[in-house]
Amino acid sequence: MTKKAGKSLREKFALKNNLLKEGLAELLGTFILIALGCGSVAQTVLSRGALGGALMISVGFAMSVTLAVYVAGGVSGGHINPAVSFAMCLTGKMKWVKFPVYVFAQCFGAFLGAAMVFGINYDALMFHTHGVFTVTGPNATAHIFATYPQEYLSLTTGFVDQVVSTAFLILGIFAIFDTDNLGVPKGLEPIAIGLLIILLTSSMALNSGCAMNPARDLAPRVFTYLAGWGAEVFTAGSHWWWVPVVGPMVGAAVGTATYMLFIELHHAPVPLCQKNAPDTHHEYELTHLEERK
Amino acid sequence: MTKKAGKSLREKFALKNNLLKEGLAELLGTFILIALGCGSVAQTVLSRGALGGALMISVGFAMSVTLAVYVAGGVSGGHINPAVSFAMCLTGKMKWVKFPVYVFAQCFGAFLGAAMVFGINYDALMFHTHGVFTVTGPNATAHIFATYPQEYLSLTTGFVDQVVSTAFLILGIFAIFDTDNLGVPKGLEPIAIGLLIILLTSSMALNSGCAMNPARDLAPRVFTYLAGWGAEVFTAGSHWWWVPVVGPMVGAAVGTATYMLFIELHHAPVPLCQKNAPDTHHEYELTHLEERK
Amino acid sequence: MTKKAGKSLREKFALKNNLLKEGLAELLGTFILIALGCGSVAQTVLSRGALGGALMISVGFAMSVTLAVYVAGGVSGGHINPAVSFAMCLTGKMKWVKFPVYVFAQCFGAFLGAAMVFGINYDALMFHTHGVFTVTGPNATAHIFATYPQEYLSLTTGFVDQVVSTAFLILGIFAIFDTDNLGVPKGLEPIAIGLLIILLTSSMALNSGCAMNPARDLAPRVFTYLAGWGAEVFTAGSHWWWVPVVGPMVGAAVGTATYMLFIELHHAPVPLCQKNAPDTHHEYELTHLEERK
Amino acid sequence: MTKKAGKSLREKFALKNNLLKEGLAELLGTFILIALGCGSVAQTVLSRGALGGALMISVGFAMSVTLAVYVAGGVSGGHINPAVSFAMCLTGKMKWVKFPVYVFAQCFGAFLGAAMVFGINYDALMFHTHGVFTVTGPNATAHIFATYPQEYLSLTTGFVDQVVSTAFLILGIFAIFDTDNLGVPKGLEPIAIGLLIILLTSSMALNSGCAMNPARDLAPRVFTYLAGWGAEVFTAGSHWWWVPVVGPMVGAAVGTATYMLFIELHHAPVPLCQKNAPDTHHEYELTHLEERK
């Protein structure tokens, strides 16, 4: 009797539907990514560099990814990025039917994360801007939430920048989880991914801040549109907004193709005795978490 | 005979009482946290930024947590924070009867740590302040020991800031120790917690320095009250002092609830054969150290 | 039938020739090293220090090595440096016949990486230099790609600097992979190598930027020669260009000899029962990956 | 026959005497510590902060310790510090007869490391000082090699500073290697020790640079005395030189006692069945490497 009662709470709340469960995890993970990642941009921008700087944002954003993957990784894989989910679907590691659910959860989580950054830093924002939220100029604050290009950046270079940086991201993620390669010890992948983000934000953030993630960029941009920054968040930089949305998706395909052609296709074939379960070998890495559920 | 004599020292000092043993560990851990964490603030403030900066304090405080957890973790769990102990009690991972002992040890250790920072930096303090210890103004030194809000911060936003940052801390700790999630390899949890502190102090330190720990904030504040900074340490910032005491406790509850609702409740149920020992499964992570004793 | 068809793509592309496979991996690894490592220099130089600095370049270059070793390590060993390949040949861990293939792949990858840095940062380069690419002076940009000596540096000191820094690099790599020593846990070697690069670029970058890698320095230098910086890239610094090419090769020999004489020769001899396979014991560490293929 | 010949090189050089072997390892380890640790100070000082800063020195010195422990750890334990050797002797983890050999090797290695820093940075030193090597003043360079106190520091506070910082160092090392506590996974201890050094140099470097190691401070000081800085290296700071020599030895005892009293004495006693080999249990952690030899 007591045991049954003790179990009832768990039974009541536990979602039977795996997809909903995974959506919740992606939502929470992407919320963490934006609330703390963009939070580190806010800390640097609103302290005028006294409490942060380029390296601190790089480390802060990277560790927000690490935390998000530790929180969501065991449930949904911790993609927290439509480009990553796209790469997983492309390689058959995730079913396409899940893709829209993941993307919706990621965008919704990112929107809530932006709202959290806004709320936590509301007093500082009002103090520094006197309530005038601007997208460009010396007192601009919109780049706390979404990325904007340097004035000299052409759309073409900017698009290539987003494709290439995301391709490196995806390439790195495949290497980190590839147990036929060196591989990262189980349970340390989120830290290796964090180091990968430190690398990319140290090397490829000059042009436009290295978004590499449609949900990370678009959802907070929509939030700023609604919260008082106005339509300029979409028109600025020759309508820049679509570049960090489309570029990363193309980059995901490029990164996947590069890793497959240069590394994974050349791994030794699966031994004969395992041929009855073809593909298991190479699909294992990223789906083993799912199977445990 | 010789063996008996050789054992006598150990037998004499070894405390039979687990709770006293755990209290000693928490005291030493929190002492380390403040002596070295606030020490890194002292190094930056008293060198006028020549020997430190925002990132160095972030890393220094984080690594003081890492060291404290390595030192105390195997004995008491290494909470070194009443908010963490509160979350452990809330989830049944620690008995409520231990809670006051832990909190007392944490506050006492933090007080001693503040005294150590004061002693080690006494010459520098006297040189820079000429013996006039102030809480506000350009020559202020009280923020070496306890946190103070930005001038523009409202108590409401400040309280929410403490609730939210501590909720992220607790959420991260649950994820790090959740063996049903990705989990951090055994023996590396203190480093993962350190990275979590780097993240939070990079992202949420703008408003009031990201205390997230009643013992870390209140005990050194009491020390400064006694050591010559006077009653202003309590009155400054519209009597700010209670916010980093109460906020983190609320945040602990919020963080616990969030992790339970979004992640832990949806883990696959314990197999039937283990139902005779209900809850063991989910209580294991943070108590396995205790059981070894 | 279906299985055969499903396997065809893999079979078609999978290279039977191990050496070609390893060359592809070295090419991709060294491409990553330069595209992202020199990319971090570009970000700092072209943002005039706003988006980077000495520590960020140190961390960026180090993590580009870490990523490159994770990507190529399981296939080719992830040398991405002719000096490392040379040390492996010297100690019998790699066959000499592979050496020219590795070096060619490394140089080709580095050249492509330099082209990628040029392309990604083309708009920024044109904006800051107005199309005048210079090797020296306040607006110099050639040091984004290759290393140049301080004005006061003699060729002799510069050569010794390259020998010594590369010797430390090789010494560190031997220690990291020496399972008879402390050894780094499997799968974490790339991170330990990254930390080693952080160390060396923090300690030995004053004189000439700490190249320690002929491919990393010469191939991007050739690229800048072709891309508009002109012959000065070879004549600058009293024809400095050959120092980071020859110095590291000498350093590889010095580092190998030092580790052998001080540490490895004194390891306990292989037990009698293993004497039928002499040298296996000490060759294992760096070749075990190869054997898996 | 061939096997014998192939073995001859190894047999000729391999030292039968363990102590000599350990001395060589300590010499090489401490050489690395100074050559690269003090090298990072040189890079910052001689670039006038352009290629380094407080955090970079902190990270550089820490990673030089990490590398030194990876290189020497499997042979000699990687003490590279007489205070650490002292603590090992105090707790019976090393025989006293080895102590003078370790200390001599450490001092000799540190002296050679200082010579290496001098040689590598000779051109930069001459350029910046015009050959006038000074201990104090704006153009001082002696602090590249040894530590000097702040002008306001009393000898008493300085001595306490060295005792306390070294006590924390020793405490941390005991925690890192204590397998009855959380413990660091095998092979990662050098990285944990590196993080400990980052912590201590972030928190306790204000007064006098946080030497914590008699060999690290005295041997390079003797080198500067001989190399042209003159007797002021000993007379500066009210004859400061002996403080970072004696203080760390006292600190080693204090740190050892603290860890024993607060943590180790309270570990559960060794089970009866192991009582025939008393003390093995607690001596294991730091000597297991030695036993393998």
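Going in written order, the chains are labelled A, B, C and D, and every chain counts its residues from 1.
Here is the rule we use: a residue touches a chain if its C-beta (ideal position, glycine included) is under 8 Å from a C-beta of that chain, and two chains touch if they have at least 3 such contacts.
Predicted, not measured: the structure shown is a model, and the values here were computed from it.
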Inset, instruction - Rotation angle, chain A onto chain D: superpose the C-alpha atoms of these two copies and give the value as a multiple of 5 degrees. - result: 180
Inset, instruction - Since chain B and chain D are copies that touch, just let me know if over half of their interface numbering is common to both, same, or not, different. - result: different
Inset, instruction - Average the CA atoms of each chain to get its centre, and name the chain whose centre is farthest from that of chain C. - result: B
Legend entry - Distance from the mean Cα position of chain C to that of chain B, given in whole angstrom: 41
Legend entry - Centroid spacing, where centroids are CA-atom means, of chain A and chain B in whole angstrom: 29
Legend entry - Set of chain D residues in contact with two or more other chains: 55, 185, 188
Legend entry - Chain pairs that touch, as defined at the top of this document: A-B, A-C, B-D, C-D
Legend entry - Residues of chain D that touch chain B when the two form their complex: 54-55, 58, 150, 152-154, 157, 160-161, 164, 168, 171-172, 175-176, 178, 180-185, 188, 192, 195-196, 198-200, 202-207, 258-259, 261-263, 265-266, 268-269, 275, 278-279
Legend entry - In the complex, chain B residues that touch chain D: 3, 6-7, 10, 13-15, 21, 24-25, 27-28, 32, 35-37, 39-40, 42-43, 46-47, 50-53, 55-57, 59-60, 63-64, 66-67, 69-75, 78, 116, 119-124, 126-127, 185-191, 194, 289, 292-293
